[in-house]
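Alright, structures below, take your time with them.
Below are two complexes that have chain A in common, paired first with chain B and then with chain C.
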Partner chain A sequence: MKNRQRLSLFQIAWKNLARKKTRSFLTVVGIALATWVLISLFGFNSGYKNSLDRDIDNLGFQMLVVAKGCPYEAATLMLKGGTGLKYMNEDVVKLITREPEVDSVTPMLMQVVFDPNKGQSGGLTAFLGIDPATFPRLKPGLSFKQGSWFTNPEAREVVMGYEAAELEQREVGDVYLIPEKEVELKVVGILNRSGTQDDGTIFLPLQTLQKIFGQEGQLTSVGIKVNKETNLPLFEEKMFKLPDVQVVSLTQVKTTIMTLVSTARILVLSIALIAILISIMGVINTVLMSVMERQKEIGILKAMGALASDVFKLVWLETSLLCLLGGMVGAGLAVLTSRLTEYLIRQLLPFSPSGGLISIDARLILISITAVVLLGLLSGIYPAFRAARMRPLEAIRSEEE
Partner chain B sequence: MRFKTQKTNPTRKFFQAHLVPLTVSFVLILTVLSQLPLLAAVGCDLNDPSRDIKFLFPDSTGFRTFYVSVKDSGGQPLLEKIEQALGDKFTGLYETLDVPYTVYEIYRGREIIGYVHGVNQKGRYGGVQVFLALRPGGKITAFYIQKFTGKGARQFRSPEFAAQFQGLELKDFENYQVRTGSENPEGSISRIKNPVPEAVEDFRAILRAVKKNLILMKFLVFARHPSPQAGTEAVASDSGPSWE
Partner chain C sequence: MTTTATIIEAFGIKKIYKRGAERVAAIDGLSLKLKEGEFLSIIGPSGSGKTTLLNILGCLDNPTSGKLVVGGITVHDNGRGLSESQLTRIRRQLFGYIFQNFYLIPTLTVLENVLVPFTFFKKRGAEKDVMAILKNLGLDKRAGHLPRELSGGEMQRVAIARALVNHPSVLLADEPTGNLDSERSREIGQVLRQLNEKEGLTIVLVTHNPELALSARRIMTLKDGKIVEEQVQPKL
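For the complex of A and B:
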């Protein structure tokens, strides 16, 4: 006939699903939610690890040696109100460099000034004196938005982290005044955002800072990068033997954090598996119900010459379509809500590294959708089998009865 | 297995024929979306809003915070209007279209009694954060430099210097040229005394910050949330926020 054309198996499956819109929709929602949890969870798994690795790599050194009792992070320093700085003599650098495991070291001096003109009751500003010869090499993650590092080790120059520069509205070529000391310095570099505490740091050449604050020959910390084959716990013990120092190993910190996160991950993975199981049950229920309701129709199809394999394929195709749609909607949800999920995770976790906590890429999306479709195909076997083995006459009669 | 039926919808036919490429495109779009960065400039907030607002509006009972930006309120055309009103360009790394401005809406009970808004301004030696407390009509009731890096900070943050800005509003700054630091003909702004004559650059920076602050409030807040004329009070639609 002129106005007619052939209808494919795909079209029949689609029409069958469209006939029970609410039921199909709810099944798709169930699968989508399970996929969403699955993708978010695996995205978190890789995102968290990558961010933590990047944070630690950006630190550049695996170990930090500080004077006993000295706060080694700007945040701690602020909490302590700028007091409690303890110093080591510069000679400690020679002692550390002597060890064969050491690849490179970088000496640092932190100083804090009280600025009475910050807020109503004043505030603290921290400065980090660094060695221009070694520090940049140990901090490969730092890059410049403007300018570069200092022109010489005694230069009256300053390099600012992005947020520090933004707060002070500084650009390369501007002058910066150290509060309290009234010393003028030239801004020679503004760093790009790194998501670490370097963003809020004001860097000066070590010797310049020592001179301004009258701390010649003194350090507050030494960053150490060891050779790749070094046994870190053994080397750590060695460092502890140095007089009046404490060792902060970043590898240890990383291992502890990863152990804590793994425990939480197993819990969430279990929840995701339960969600997937519930979705599979939902799929089986939807397709089975649809098969039972269409007994007469299936019977007529078979009476018209459809083979058992055709009916099996038809029901299986319906299941696949439900799962594919659910998988795609779930993947979309996971991507669109990844920032929100990340925000919620940050509120819940005791520690979270900077940068993206959830990393969703094409590979993860494809694997997840494929897994959901495969699971759907598996769950569609029973309803498809029931439909395929129906006897035409019995099927037609059963519904009439 | 094939059957004969009515002609199918061309759109549906298209989707059926291109299911695989459509799925792949969908996955790719999602991947690109997930990689978009969320970086923005930083605005100017009060260090301790509860304490600072009580200091700027002693008769307030609460406040609400909201954020506005030139980018979201009109984009480039609005920026050009703002620059024209200011008589200067937005320049540098930090004076950009996407800076989120924090506005504190101040309440006494359910009445809106004013606003507090701050801007960052580049000074000679560092950043200056200038906050203004404004009545709903736009008149300055209090002036507060939250942060000042430079010489003469004590004088610029003194109550005597701040008192000179009380009662001023945007129309007082209309003849003040921020680029040259002059007012022609001389008016209210010329009468503001610089407490540190050697820090003229910082003095001008403060005046620019005040003018910029008032202009931003005009275009980003008063134009969008019309307030009653000066001297009257606006009333919030529901119960006003209270101190935490």
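For the complex of A and C:
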């Protein structure tokens, strides 16, 4: 047998916890669940914001002019496309272009049709009519997997987003038939994956789409890119003076969407706080019970020369170990289940950006585990204090009474 | 002629407990001197104050009055005593304790249980002797075992080993054979006698067991908190 001549406080603490395995395990599970909720929540907070920022940056324009209507719908339209479409006359483009702050504009028309062949029971397919002269310039980030943009502004051609092409199993040169309209178009380009709503979009030249759907001269939105030195709030005010349109700026979109999700966030945060409080109570209960059960042993330790501070450290170490273990298991759970959590959150949210909703990095994990251990240390103060102030003889006699 | 130093001196110590309105003297004006290398047995009927006296001598309890000097330090003088942390420092330097219920930590092996005192305090060079102590007590082959795998006698020997690792000046034993059968009790008596005779360890033993009490040369009988008889056996 190895003649090991040292026994650290850590080893004693660890073996003390192993004494009541089920109780220690349940306490660790409680802490792990609280940590899991905490990390998932904060991971969601930063992940959602990052994805939203990325989606907005990928739009290529800072403002969107849409026909007057619901601002939430406008925000959704701007980021994901919508169904309750409102139209405005394309003359608005000329009015906007006149403004000196405008760098470039791109008119767009969105149309949605029901495709009975989509999925198992059919589904909606959105088409975005774009101006081949301006849209690609505003979206320099879009690159082609196959082919290129349209050959002319009235061409009967489509460019498909990466996912749309995957879903439809299309390649460049294939024929694309618009459901309901029985119009044949040629696929001339397939985009690379961009991680934005563009991946699921089918692009047509604006004039072609207007003709096919009988919406000549009509637009659903106009994207505006302003000069760098433009004062955005002032420009926004100017745009608001245009008749029958409303302006949705990036700031507004972010604010609107973040307001929508903040309610859900507050709710989840409250649940996380309650979970943490419950697990802290669990820790206090576990450690206090363990201290009370070991009074005699603590008395013996003191008789053998353990100072009050030694006993305090021992009990505190046990608390920290429980919290550290719970924190680590919780962090592991949060990482492992992040995809499932993201899926569930997507079902609940009114709008979710296309990128990852939950971003869990090493920093978040480290901060959360530190916070859990600190809370554990706080909750361990009382049991540790109770143990430390026991007088050896009273502690040794305790169970006999 | 060699003079042996006094390690514990008690002068007129009293320990008064309140039982409702009544005041009961567990120790009633008791005085004694314990010299280095002595083996003292304290016997007497239940409630005579044996364990209370042992706890006071071992700085686990404070007397109500009187004076107690341990290792040359005045631990208590007429109601004024040292703080708990000062008492702990005296305990870790001078005393080793064994109790009727061995109080081993169930999740630690024999060796780990014996090493526990080192976690808090280690006398210089003490750790070198741990295996030797285990061997002397016949526990070297049981070092990796858990307490539940030991017999009662073995568990008490582990408790003795734990009390000895820091080389105490005095070993205080409170009914160490109270939970053991007669054969195991004799075994423990032998161990204590050897520790006293071969290693010169000062031992104070509280027991109900007359046979075990005879392990000591000096036997003190207590009744109602007072010494009623004291005898010294001739050296064998």
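Heads up, the rule we're going with is that the second predicted complex is superposed on the first by the 235 of 401 C-alpha atoms of A that agree within 3 Å, B and C clash if a C-alpha of one lies under 4 Å from a C-alpha of the other, contacts with A are read in each partner's own complex, and residues count from 1 in each chain.
In the analysis below, a contact is a pair of C-beta atoms (placed from the backbone, for glycine too) under 8 Å apart; a residue touches a chain by one contact, two chains touch by 3 or more.
Bear in mind the structure is a predicted one, so any value in this text is a computation, not a measurement.
By the document's definition of touching, of the two partners only chain B reaches A:145; chain C does not.
In the superposed pair of complexes, A:167 makes contact with chain B only, with no contact to chain C. With both complexes placed on chain A, chain A has more residues touched by B than by the other of chain B and chain C. In the superposition on chain A, A:302 makes contact with chain C only, not with chain B. In the superposition on chain A, A:310 makes contact with both chain B and chain C. Of the two partner chains placed by superposition, only chain B is touched by A:332; chain C is not.
Judged by the touch definition given at the top, the superposed model places A:8 against both chain B and chain C. Of the two partner chains placed around the shared chain by superposition, chain B is the only one that A:369 touches, whereas chain C remains out of contact. Once chain A of one complex is fitted onto chain A of the other, the partner contacts of A:16 are limited to chain C, with no touch recorded for chain B.
By the touch criterion defined above, A:392 reaches chain C but does not reach chain B. Contacts of chain A with chain B, set against its contacts with chain C after fitting on chain A, overlap at residues 1, 3-9, 11-12, 301, 306-307, 310.
Contact residues of chain A toward chain C in the complex are 1, 3-9, 11-12, 15-16, 18-19, 296-297, 300-308, 310, 391-393, 396. Across the interface of their complex, chain B is touched by residues 1, 3-12, 14, 115-120, 123, 145-146, 163, 165-171, 174-177, 179, 182, 184, 190, 193, 301, 306-307, 310, 314, 324, 328, 331-332, 335-336, 338-339, 360-362, 365-366, 369 of chain A. On the chain C side of its complex with chain A, the touching residues are 55, 58, 60-61, 84-85, 88, 91-92, 95, 97, 99, 101, 103, 105-108, 111-112, 115-121, 127, 130-131, 143-144, 162-163, 166. Those residues of chain B whose C-beta lies close enough to touch chain A in the complex are 1-8, 12, 16, 23, 26-28, 30-31, 33-34, 38-39, 41-42, 47-48, 51-52, 55, 92-94, 120-128, 145-151, 153-154, 157.
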